[in-house]
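Down below are the structures I want you to see.
Look at the two complexes coming up: chain A is in both, with chain B in one and chain C in the other.
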Partner chain A sequence: MMVQSRNLASRVWTARIFMILFLCLIMFPFLMIISVSFRSGNFATGSLIPDTPSLEHWYLAFGLPWEDADGIITEPPFPVMLWLWNSIKVAFMSTCIILLLSTTGAYAFARLKFKFKEHMLTAMMILQMFPAVLALVAIYSLFDKLGNYVPWLGLDHLGAVTVAYLGGLALHIWLIKGYFETIDNSLEEAAFIDGATPWQAFRYVLLPLSVPILAVVFILAFIGTVAEYPVASVLLQSMDNLTLAVGSRQYLNPQNYLWGDFAAAAVLSGLPISVIFLFCQRWIVGGLTAGGVKG
Partner chain B sequence: MAAATEQPAGSPLKWLAWGTIAAIDLILLYGVTLMYAQGETAFALVIVLLVCSGTWVFISGRGYNYRYVYPALLGVTTFIVFPLIYTINVAFTNYSSNNLLPLERVKEILLSKTYRVEGESYPFMVFQSKDQYRVVFTPTPKNYLVSEPFTEAAEPGLLPAKLQSDIPKGKELAFRETIKLRQLLKTQDIKLPSGLQLSMTSLRKFGPMLDIYRDTGSNILEDVRNGNKLIPDFSVGHFREVPPDYNGDLSQRETVGPGFVVYSGWDNFTRVITDPGIQGPFLQIFIWTIIFSLLSVVFTLIIGLLMACLVQWEPLKGNGVYRLLLILPYAVPAFISILIFRGLFNQNFGEINTLLNMLFGVQPEWFSNEFLAKTMVVIVNTWLGYPYMMILCIGLLKSIPGDLYEASAIDGATPWQNLTKITVPLIIKPLIPLLIASFAFNFNNLVLIALLTGGGPNIIGATVPAGATDILVSYTFRMAFGQYGQDYGLASAIATFIFLIVGTIAWVNLRVTKRMVE
Partner chain C sequence: MAEVKLINVSKSYDQGATWVLKNIDLNIADGEFAAFIGPSGCGKSTLLRMICGLEEISSGELFIGEETVNDWPPNERGVGMVFQSYALYPHMTVAENMGFGLRLAKADKATIHNRVQEAAGILQLEPLLERKPKAMSGGQRQRVAIGRSIVQQPRVFLFDEPLSNLDVALRVQMRQELSRLHRKLKTTSIYVTHDQVEAMTLADQIVVLSPLQEGSNSNLEQVGKPLELYHRPANLFVAGFIGSPKMNFFDGTIETSGEEVSSVKLGSGETIQVHVNTASASKGDPVVLGVRPQDALTEVNDGNSVTGKVAALERLGAEAYIYMQHDCIREHFTVRVEDCQRKEEGSTINIGFPAELCHLFNAQGLAFERTRVPKFD
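Up next, the complex of A and B:
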């Protein structure tokens, strides 16, 4: 017995040391980028921890001009806050629409009977495997033409990007449908007996019971759309209309390499999204595994 | 709106719902007429179809259950199904930056070209009132042909002129001042009431302009100067200029003007197979795409499973903190992490090379060496992807009954035996569809490649830009939206090929999932 517990203790220690080493490796990029954001200048100085910490990149990231010790004023290279705002606008709007449409859709698939239901579900299953990336030429042309009739849905408008993200519905319908099916429908049946319409049963009975999954889908869709790069990069062109995902790339142009400025902007914009994610991770993890395992 | 048929007839809610539907229909039908007028027949037809089905679903009682799915289906159809079909359609055309416009538009461009006619010309004056200028001719005394006003900021354009008997407002500019305006005047053409177009031919005079081409019907244009004809060559999508009465081979003649879009059959597909500058890179990229996706799945699975086991292992205290830190790479938006790695791996300024230089005195060329670039891509993708696998594995590990491990502990099994004999066999079955999905995701992981390497280092001898770390999706992305000569047709042909692969993967996945449920 003695031998075994010593054996166990040594195993725990091995595991712990391994875990800590692994975490150092994983955390290296994050620690590094924070360090770089406080380093003056945009080029490596040969030390990993800044010798003379400076807030220059942080000023620029917040859109404030920075005056260095010699009195030289640097203007912010890019409108980061505007990009962040664009991203939030687009993500919020499209997430709301996605949530609305996928909830009603999932309700029909989970509770109502209609023709071709199984076919539609299978089609959704297959279609969610085709990301928008595969049809960028078509999406570009579609919005190019739409812009002739509805200007705010044309190229280089945030409206176009918002609407384009609606294609991501299929996955969420499956997630919500899975959750609806775990809710016993006896309550709804009781409502029907009392003369409720399907809409009333959905709105006043099922929906209040499904708040957790709606929150999960909202966060997943929000983070997904904030981080979306390909569609936005094709549809948006002018500097003031970019989303963060498209704009950030400009920092690491070989001709204009702004590593330090990028570091501050990355921490500034990445932090809120990461914190939201970590804050909600229990529910997200639950949603992911439930949705994933059920397929 | 869902309440439309549920309310008793004549109730205000019902009228409101019907009114809303009617209003939406009217707006859309107005759009349809506009589209039809512009020659977008296919677009117009699709919208008519949507309007009809939508109206039926929301008005008819029999369509009631469809009301809940209709908007979602509409979104999926418009932004997934339609683009897929459209892409396949483009794959059979020569749509590219050289052949961008439809035939009608190219014809319009050619027909709007003008040339200056020698001979008769008209002296002009410029009148200024405030910051506005007018060009004025005096065909006969007391008669003034006055153009519409224009400012110094005017775009090049055609200004109609009107005949009037009063002297125009403002003051006449002296010749010296007119000369100062010559750059501006050159951009402004004048259209007389007779339809004749004039433009500035000398400092004192405007001369008439004529259209170069005349439409002789059946898409053939005639050059009015020499009688040459422009005949559309539908095999390449260009107009070709031929002398009058030419009956020889069209393909030998010079092309004129911008190209137009034509269906080119299987041309794009045969190019992929036969053009050595495309075929070689394409095969190389295809193989790399599969290797990359497989390696990503394998590495993320191994690390994810290992970490899941450690986090779930009770003796290891503080696993809540470990779990939180381990999930971090998944919590940070991928585009930020990828760009961070792009900077960290930088050859000269990157911190990874600074560190390697301090420790081992080496500075690997992460972005220009093919093998190192590929290694970097896999490392970064593993870093990005293992938390997802870990999350899935934790969920699956929880479902394994604990007494199995207790039994194996009594038999004195090692951790390795526990893993291979109990854990893996029990979770592999539900994991397989997820692994397939992960494979499909990485197969199309454009964000990683586009932001990390941009596909580079470039493959030498490729006709269309192609790189060693390019995967099929990023290859098509560069082809269609890169900096040099966008070739939408070819990109779509390769995208069509990707559809087939993704479709197959999706079908296999569906099969596997179905079998699991049964």
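Up next, the complex of A and C:
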């Protein structure tokens, strides 16, 4: 063990205290929202541990009627579970398609030779810098027109949102391309000599080695689409078709802020992301390419 | 099993802007073991990749067997390649690695199993078949890479510096194993290396390539059997490249030319007799005299010698290298001697050049024919 300088302990403790404070800073809003969701009534402010804990907001969020102490029955105002399901459907579908298109696209950019390759890569990067919000009007009128010919791609259809989300895949192409380029080209050359077509070399050699980056992209794309608000809020209109991110906004009317119900819905929206993350985590491992080549 | 024939094969990048290889003519007979050797940047790996089909051939024709295969993809050419970096599929076991090609070709399971077992038997890989590449040593990995080619039963084996990632002891062992394998399988093999020991010991035929010079017509320097290259180098490049330590070169002029014996006057005044045919040259023509470090003799007092100062001495036990200074030497003047007696730095000694062991090159670097070459087979 290396000889440590004498004030090491104090430095370690300073670092620890800094990290704990930083963690509190990050955790506080999250704890607040949980606290609000368990507080009776719709109050945004109050102590972190609710004075009068109640499950009313969670009952309503899960679509169950709530009977309070006075015997007054509140019917759930919004189909929160349906919104959650919509969110999951849209996010899952668009993430799967993003993954499919960005891996194959990244393979082309990383390994194949074609004209204007560099220009296309730069163009993708630059276009990605404009926020999608700026294109809301265009997106709206595009899908409005599209709906005349392909009904399930029209306004107020989840299909439209799914397709609109695919626009974000340029960033993922860059990410996966970077990973592909770390894998030695001779592996695929060996596969070609073994008689593989480019598709087989991709499918049997490159793809199994790229699982960690695919898991990362899957998580990133999923988070991005579940939490997306502007595009979904423009494309979706009827109550039953909203995603959770857009739907939760319904609780916050100018005259009537239902903070408690909103908080319960917000916590729920974090659920699918957590599940996907826990599921994908085991694919994020290092050392998959170990032993294949010696550089 | 097939012969490999190259006719005027050239390689350029950027539509002829840069040339790597020019006018390579080669004939590698069926069952022969050929080695491509040359310093880095001479295009030897590129040439191998062109034969394999991983690089396009810019011009010229490549035959494997009877057919022109210029436009054939690698797998149709019937070649097996062993990469310097092994290039094993890291997510597959040894058996899966070796059977991958057959699996793609949709061979039935029994065939795959038999062929893998057979190859594993040849390479003593049976106990490792279920391991992944990362759980194996460098030598084992390279054996698996060789096994993967054997399973495909190629017509030609291609080796791209397969031993350069291994340590010295393993390299010697693998070298012998490759030699044994070639005797057993008798498949045409092409081996790229920058290590002349590997080329000399393994190959039936050595192909020496040099980095392409501006304006030169080809960078194929010489093709021949190992000892032929050693004893009859066609030019200065081959003479300097084959043999270790490097041959010593002295600048001089022809004093007397002749068909059997000639004499050369060095710039420093010494006259050296050499057994080469210089009938084509005349007195005063500039030439380069070449003597291998192991052919030079110390402690001679007869005429055929030069006088130089000792610059440094390396004593290795069985042999010693004396590094000398001399006015007419190009690069280094090295003499290998078997006695390891101490010699004072700066002292002057006589180095004798046996006339029948000297090489002579003209101003263009081409060798004059030697007239008394020692016997070799």
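Here is the rule we use: the second predicted complex is superposed on the first by the 238 of 295 C-alpha atoms of A that agree within 3 Å, B and C clash if a C-alpha of one lies under 4 Å from a C-alpha of the other, contacts with A are read in each partner's own complex, and residues count from 1 in each chain.
Basically, a residue touches a chain if its C-beta (ideal position, glycine included) is under 8 Å from a C-beta of that chain, and two chains touch if they have at least 3 such contacts.
These numbers were taken from a predicted model, which means no experiment stands behind them.
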Looking only at contacts as defined up top, I'd like to know whether chain B or chain C touches more of chain A.
B
Touch check for A:N86: first (chain B), second (chain C), both, or neither?
neither
Who does A:A190 touch here: chain B (first), chain C (second), both, or neither?
second
Under the stated touch criterion, which partner chain does A:S210 make contact with: chain B (first), chain C (second), both, or neither?
neither
Contact-wise, after the overlay, does A:N241 reach chain B, chain C, both or neither (first, second, both, neither)?
neither
Pick one for A:L101: touches chain B only (first), chain C only (second), both, or neither.
first
Which of the two partners, first being chain B and second being chain C, lies in contact with A:T162: first, second, both, or neither?
neither
Looking at the overlay, what does A:I126 touch: chain B (first), chain C (second), both, or neither?
first
First, second, both or neither for A:S37, with chain B first and chain C second
neither
Contacts of chain A common to chain B and chain C in the A-superposed view 288-289, 292-293, 295
Which of the residues in chain A come into contact with chain B in the complex?
8, 11-12, 15-16, 18-19, 22-23, 26-27, 29-30, 32-33, 36, 43-44, 46, 48, 100-102, 104-105, 107-109, 112-114, 120, 122, 124-127, 129-142, 145, 148-150, 163-164, 166-167, 169-170, 173, 197-199, 202, 223, 226-227, 229-230, 233-234, 244-245, 248-249, 251-252, 257, 259, 262-263, 266, 269-270, 273-274, 277-278, 281, 285, 288-289, 292-293, 295
Residue ranges of chain C touching chain A (in the complex, touch as defined)
52-54, 73-75, 79-81, 83, 85-91, 100-101, 104-105, 132-136, 138, 141, 148, 152, 165
Contacts from chain B onto chain A in the complex sit at residues 2-3, 6, 31, 34-35, 38, 40, 43, 64-66, 68-69, 71-73, 75-76, 78-84, 86-87, 90, 95, 307, 310, 313, 315-316, 322, 324-337, 339-344, 346, 348-351, 354-355, 383, 388, 391-392, 394-396, 415, 430, 433-434, 437, 440, 444, 446-447, 450-451, 473, 477, 480-481, 488, 491-492, 495, 498-499, 502-503, 505-507, 509-510, 513, 516-517
Going by the contact rule set out above, which residues of chain A touch chain C in the complex?
184, 186-187, 189-196, 200, 204-205, 208-209, 287-295
